[in-house]
Amino acid sequence: MSDYILETADLRKTFGELVANDGISLGVERGEVHGIIGPNGSGKSTFFNTVTGFLEPNGGTVRFEGEDVTNLGPDEIARAGLGRTFQIASPFTDLTVRENLLSVYTAGLGSGLRIPDEKRARAQNILEQLEIEHIAEHEASDISGGQQQLLELGRILMLDPSCIMLDEPTAGVNPALQARIIDHLQGLNDEGRTFVIIEHDMSVISGLTDRVSVLNQGQIVMQGDFDSVTSDERVREAYLGETTDPDAGLDDTLEGSRSASDATADTVADGSPETAGSGGTSATSGGTSAANASASAQLSVPTGDTDSRQKQLVADNIVTGYGNHTVIEDVSVESHEGITCIFGPNGSGKSTLLKALIGAVPVWSGSIRYGDTDITQSNTYKNLDYGMVMLPQDGGIFGNLTVKENLLLGGYRVNDRSVRRDRLDDVLAAFPALEEKLDADGGSLSGGQQMMLSFGRAMMTGSELFLLDEPSAGLAPSLVDDVFEMTETLVNQGAQVILVEQNVREALRIADHVYILAQGQLQFEGPAQELLNEDELVELYLGLE
Amino acid sequence: MGKNSNRPSRRNFIKYIGAAGAVGLAGCVGEDPGDDGDDDSDGVVIGSNHPLSGDLGGTGTRMDNAVQLAAMIKNEDGGIESMDGAEIDVISGDNQGAQELGGEIADELVDDGADVLTGCFSSPVTNAAARAAESSSVPMVISVSVDDAILQENDLNYVYRPQPPAAQMAIDHADLMPAAVRDAGHDIETAAIYYIDIDFGQSVRDRLQEELPEQDIEVVETVSVDFGETVDTQVTQIQSADPDVVIAISYEAETVELVRAMDNQDYAPPFLTGCSNEALNDRSALESMGDTVEGALATNFALDPTNDRAAEVRERFEEEFDQSFDANVAMTYASTEVIIAAIEEAGSADPDDINDALNDIEVSDHIAAMPPISFDETGENENALAPLFQVQDLEDRVVAPEEFAESEIDL
Amino acid sequence: MDPSTALQYVAFAILLGGIYGLVALGLTMIFGVMDVINFAHGALMVVGMYIVWWGTNELGLSLFLTIPIAVIALFVLGVGIHLSTIAPIIDSSQENQLIVTFGVLLIIVSAIEIVFSADPQRLEFGLGSVQFAGVYLPLGQLYALIIAVLAVIIAWAFLQYTQLGRAIRGTADNRDAAQYVGINVPRIDYLTFGFGAALAGLAGAVIPLFQSIDPHLGDAYLINAFVIVVLGGLGSFPGALIGGMIIGFVHVFGQVFLPGSGYQIAIFLIFILVLLLKPSGLLGGDVHE
Amino acid sequence: MSMSESTAQTQPSRIDRARLRYRTFRRQWYSTAVLLAGVFGILLVLPLTLNLYAFGLSLGTWVSVHMLILTLVWATTGQAWNMMSGYTGQFSFGHAAFFGLGAYGTIILLNTAGLNPWLGMLVGATIASLYGLLIGVLCFRYDLRGHYFALATLAFAELLRHTFNTVSQLGGASGFFRPLPQEYADGFGLIAFQFENALPYYYVILAFLIVVSAISLVIKQSRLGLYLFAIRENENAASAVGIPTYRYKLVGITVSAFFTAWAGAFWAMYFNTIRPETVYDILVNVEVLLPAIVGGIGTVLGPIVGAFLVIPLAEIARQSVDIAGFDHVIYGVLLIVIVLYSPKGVVSWPARLFELLEDRGLYESTIDDENMDNDE
């Protein structure tokens, strides 16, 4: 017991109906680097927030250095020596980098006024150590995202914590800086500091961690060293989604993936340099291929003459981001007949790319055309008139409006009342489950129903191109299938779909064309068939280079 | 901080800049009552410091007009005799009813050449202005401001108040009203007080609560009204207490609200009276309140109905400015008359001479219904009086005390 | 207190509560959709008051004409104010929004004061009252209450059953999602401000029916309207009416049982209590940060 | 245009050198103190220059000592408000509560206990601090933020206004009168906190402003300041680095209330009467914070600069227009324009001027502009 510096016992946190942490018991050994991985919505950040006092747990205990810290405030926990960073770097933007470091709380007499020399010296040391001294006098808002991550690390180091919890320390950081961050973490760990890291980038996790815990659906599904964890099917399930359709050749898939796991492990060990876009690979998993073929059966026929038949979204050399933080770097994508999937690890810029395409995020450079229309400068609501609509992540439904109102608002830009009514009937025919709930508030629906509503609402727009942002995120496995069915419904009705998904395996079954994005750049582009080698997919997806 | 005739007038200086500059659009429009502020004429300058804008702007503007009219009439009559017919100039400043501006405006008026000041309606403003007048050694005759403390708790040598302050007004009401009612053969034993919940209402209320029991009248209900409130609830409260008399201490709007609510509830107390209530001698307000106020009794400073000049002034005012001539206007006019009398007495435009004159003056020829005005050592009018008048045929008629009565009380 | 008097107080409380609710309607709409505290709301009411008073008294128009004119004029004024002052800083800090709406208040009130003077004004005719079950109901307030209830119903129906109304509610609910269904959010903003101003205009327009008006009358209602908005829950129309009723009752019975402006103290204490215990308001959902 | 262009071509190096020098200066920790000292130096002699004439004109033709005093009063409150709302980001719209408590505390103690107004001021300020603490404990404990916090503070201020207006022991609507100095001291003078003319008042309030500014500056440049800013920038991140945010928000409101009360006490001693309608007025809430917002929130120079912009503007508007009330229209327009076009306050103007010139191509900087806006 005493070798655990941080220990949680049956930690639970719920938000209303949603169980975010479902009894997590985790021990972090002193001096280790403990990775926490898991798909989006698996409860990682909630776990961090609950442990560090930002959220009050609904049950369970947190012990740090042997003391019960369960009900302490976040500042008390931080002062006790358990530091943390945030998923979104949160520097004090109006302060300079140096001031950011100096703002860390230090107790002591006259804690109000003078900044002690030791503290200044310490800040200086950290600035030098992290090699950000040259920007010490810059305001934190003026430095790059990567520098902000370093700053955040430095700031927490000022507290001299014995254990640091890092929430995606390399998200959105360019590879060079990323390597530096890893180096720094390694060095700090060598000095004896314990780390707990949430990270999607497996290259970070693989090199750094001693042990890895995998979270899925609010529970720890697996623990162990990196190699054993990543070779475990449960982890693949967590990441790539469960294959739930036995008829589609689950056995084969599992077979394939097991063998692939070994290969992956080997790849990691060897540091095989195989990279993306290496072209088509013949299918090893007949099941997946079959599923894919059946899903796109009706649609795959006209692929040849797409351009003549359907409008196409063509984005060339898109660059965009937030503030001074570039998220998408020079990416070109097109909508294809059927379903175009965009895959990529968290923080790779999938959602931002989608938002840029629809016009919710302005592009910095590059151009977007839809059919013959240049929509580079257009915005979301105008694009609807051109016939493209986006389903935001988590559905983006109006929780205080009824289902019917949600659907009717989908037809907001349809002026003809009868058209609206017809479409409403169509949608209800497609999703009979919604019919019973017409007068219920959107917010009262279950997650799956909300997503269904979101689909229905989007269908009300009568669009020809649908941009879907992780529609299956946070849904129970049984519902994931439904989501993909709904997606196929759209295609069956003659629309194109661009689908951003993390549930790669499932999505691949219905995908016609695939893009893989990592670090804001395109790693792979090609027909879905080319990706059926799951090993390669795993490599691409997890960024194991 | 005396006058300096070499110095350009502060207001004019800015005005020129303003006219030239971007904000000047308004500088070209509108009249400027104090256009000729420079003290280079042989005349005498009265500085009128009233709220011309803000919540009190309506009444303040009328009071300012009263000052203008008094000077105008004096000038028409040949100016200041003792100064060979020197003309009186009035310059006006807008204190916006703001304490911060009371002293500032007084200083500006003095800088612009005022030899004597008047103002300011709102008591905190008057207070600040009085201090400014004192430190500039320029006499100030308060037009209207009821707060007792302005003079009584300050050690001021240059400030005078012809009007009865709050306490005096309450005392007069408690003296005159029950007596008049009882003389007419009616009983009056209980009273309800309806007051506006600001300093003026509260201080009159407090004095009435002291004075009425002395007259064997029990205060059975006290209700307050805030600006902008409707008063149906208050009227029900009063009605439940069933007093013999309802005493309203309020401004015009609140008095109208009271009457409206009484009408709406078919409630008519045996007697409706007002203490320091401007609405009850504002004829346009009386008209809109109608029958309910007919016969109402009120104490307030008022025009002397026995004085023919008073009626003339009232007519002239209404004709000149197309505004109603209420008690505040009358009192302001009378205060200006005091100032003019003092200038006449001093025979000089020198503020100190005027001040000396004010100290000893006894003004009997004024339009207010009160005995000759003269000041005690604090500057209060020794003979301040708020007569009792009655609304008869929707006009305010003084009914007591006898020497000013124009009409018999009719109950 | 005998029962009939108590009943009378209850009647007054309901009448007053109706007015309060009406005043709070426009405020809660703007607050709910745009998250802007509109300090100019009271000033907009005053514009409505003066349009009705001036049109009815000076131009001799019928109330049936002047009240709708006031509503329409205020809608136009509201859109103008939004586009010129609020829209540029819709994403700015709330203190800046506060200063800007305060500036609008200064301009409007001063302008009215210059044009119409600060003297109280009133319609030349009184509406009188009716007696019902021993309770007096002043007709002015009664009409105002009826108009308030009608306004709530119409506004509610508008929001409930028209596409534009749904779009406004959708925008209030989820600004992000609104753009994905094709709602032009900036347009919804200025329309909302226009509707909010029109409701302020309506509230102002009925006030001359039962009360003297002056350029500063808006202030008297505004602070309590804020209380009502928070009490009823941001953006909730029924909440505004219920909050208005609560404040109406506290006002009337506070007036009866407490000295001076004790009722106002009671209102603020309730306000603070609600803020602390349920900041989303009595009918509000969760507070969105 | 052509002239500016030629200027831009021949002058940039000199301008840039000056900018660079200024920028280097502003990087020094003492720079704000030096600037403040300069400002206060000017303010020290300002009233003495009112009667100096140049070209037949003088400052005194449109500015009076009284107006300067008012400007300093609001600069002081702006500075105090800034310590809480500017530094910790907790937007208070109810500082009239503290202003009024300072005024009332001083006068009530003077009237009832004969306590010297200087001591009364400290007691009043302490009461104001405690009231601030109460507001803070309630609001921060329940995590009120944004509009809700602003409305709550307004309610707490209005609560006092109505309470003082209603309770006659607290003076009622008539409030209190300041006693004559003979009644509690040896007549006019510093001890009595009463003077026969305005000038000494000017120096008293200037001294207040200097003290408050100095403390504000010290806080800003101290650890405490960094904690407060951290809370403003990101409260979660602040607690993540161990800052007890609740406690420091309380520190902010308490200190701010304390010094706002000073200005209130001064107000009571300067105007010899206080009433709920004057010191608790809703407008006071606005006047308190206006200088800081116009000048620049969270800066030490901002509230002073803001006060010297806002109040003279109001004064010029008032004096230049003869239509009573029109000055408010102008004032309202100016407020809107300032906020719309300068949301970061007047202290950002110099930097913005250069940006504007560069945008127009009238001026080309040869130095790295990064961080030029870093004003304090």
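Of note:
The letters A, B, C and D name the chains in turn, as written, and every chain counts its residues from 1.
Rule of thumb we're sticking to: contacts are C-beta pairs under 8 Å (C-beta built on N, C-alpha and C of every residue); 3 or more make two chains touch, one makes a residue touch a chain.
A quick note: this is a predicted structure, and the numbers were derived from the prediction, not measured.
Least step count on the touch graph, chain A to chain B: 2.
Ranked by separation of Cα centres from chain A, the top chain is B.
Centroids of chain C and chain D (each the mean of its C-alpha atoms) stand 33 Å apart. A separation of 36 Å divides the Cα centre of chain B from that of chain C. Per-chain Cα centroids separate chain A from chain D by 46 Å. Residue positions 165-166, 323-326, 328 of chain D are each in touch with at least two other chains.
Within chain B, contacts with two or more other chains are made by residues 53-54, 57, 61, 197. Chain contacts: chain C has residues 110, 113-114, 219, 259-261, 264 touching two or more partner chains.
Against chain C, in their complex, chain A makes its touches with residues 358, 360, 379-381, 384-385, 389-392, 396-401, 405-406, 408-413, 457-458, 461.
Listed in rising order, the residues of chain C touching chain D in the complex are 31, 35, 37, 85, 88-89, 92-96, 98-100, 102-107, 109-111, 113-114, 219, 223, 226-227, 230, 259-262, 264-265, 268-269, 271-272, 275-277, 279, 287, 289. By the touch criterion given at the top, residues 27, 218-219, 222-224, 226-227, 229-230, 232-234, 236-246, 251, 298, 370-371, 374 of chain D touch chain A in their complex. For chain D in complex with chain C, the touching residues are 85, 91, 93, 138-139, 142, 144-148, 150-152, 154-156, 158-159, 162-163, 165-166, 282, 286, 289-290, 293, 297, 323-329, 331-336, 339-340, 343. Touching chain D in their complex are the following residues of chain B: 1, 7-8, 10-11, 13-15, 17-19, 21, 23-24, 26-27, 29-32, 52-54, 57, 61, 94, 96, 99-100, 103-104, 107-108, 123-124, 127-128, 131, 135, 147, 149, 153-155, 197-203, 206.
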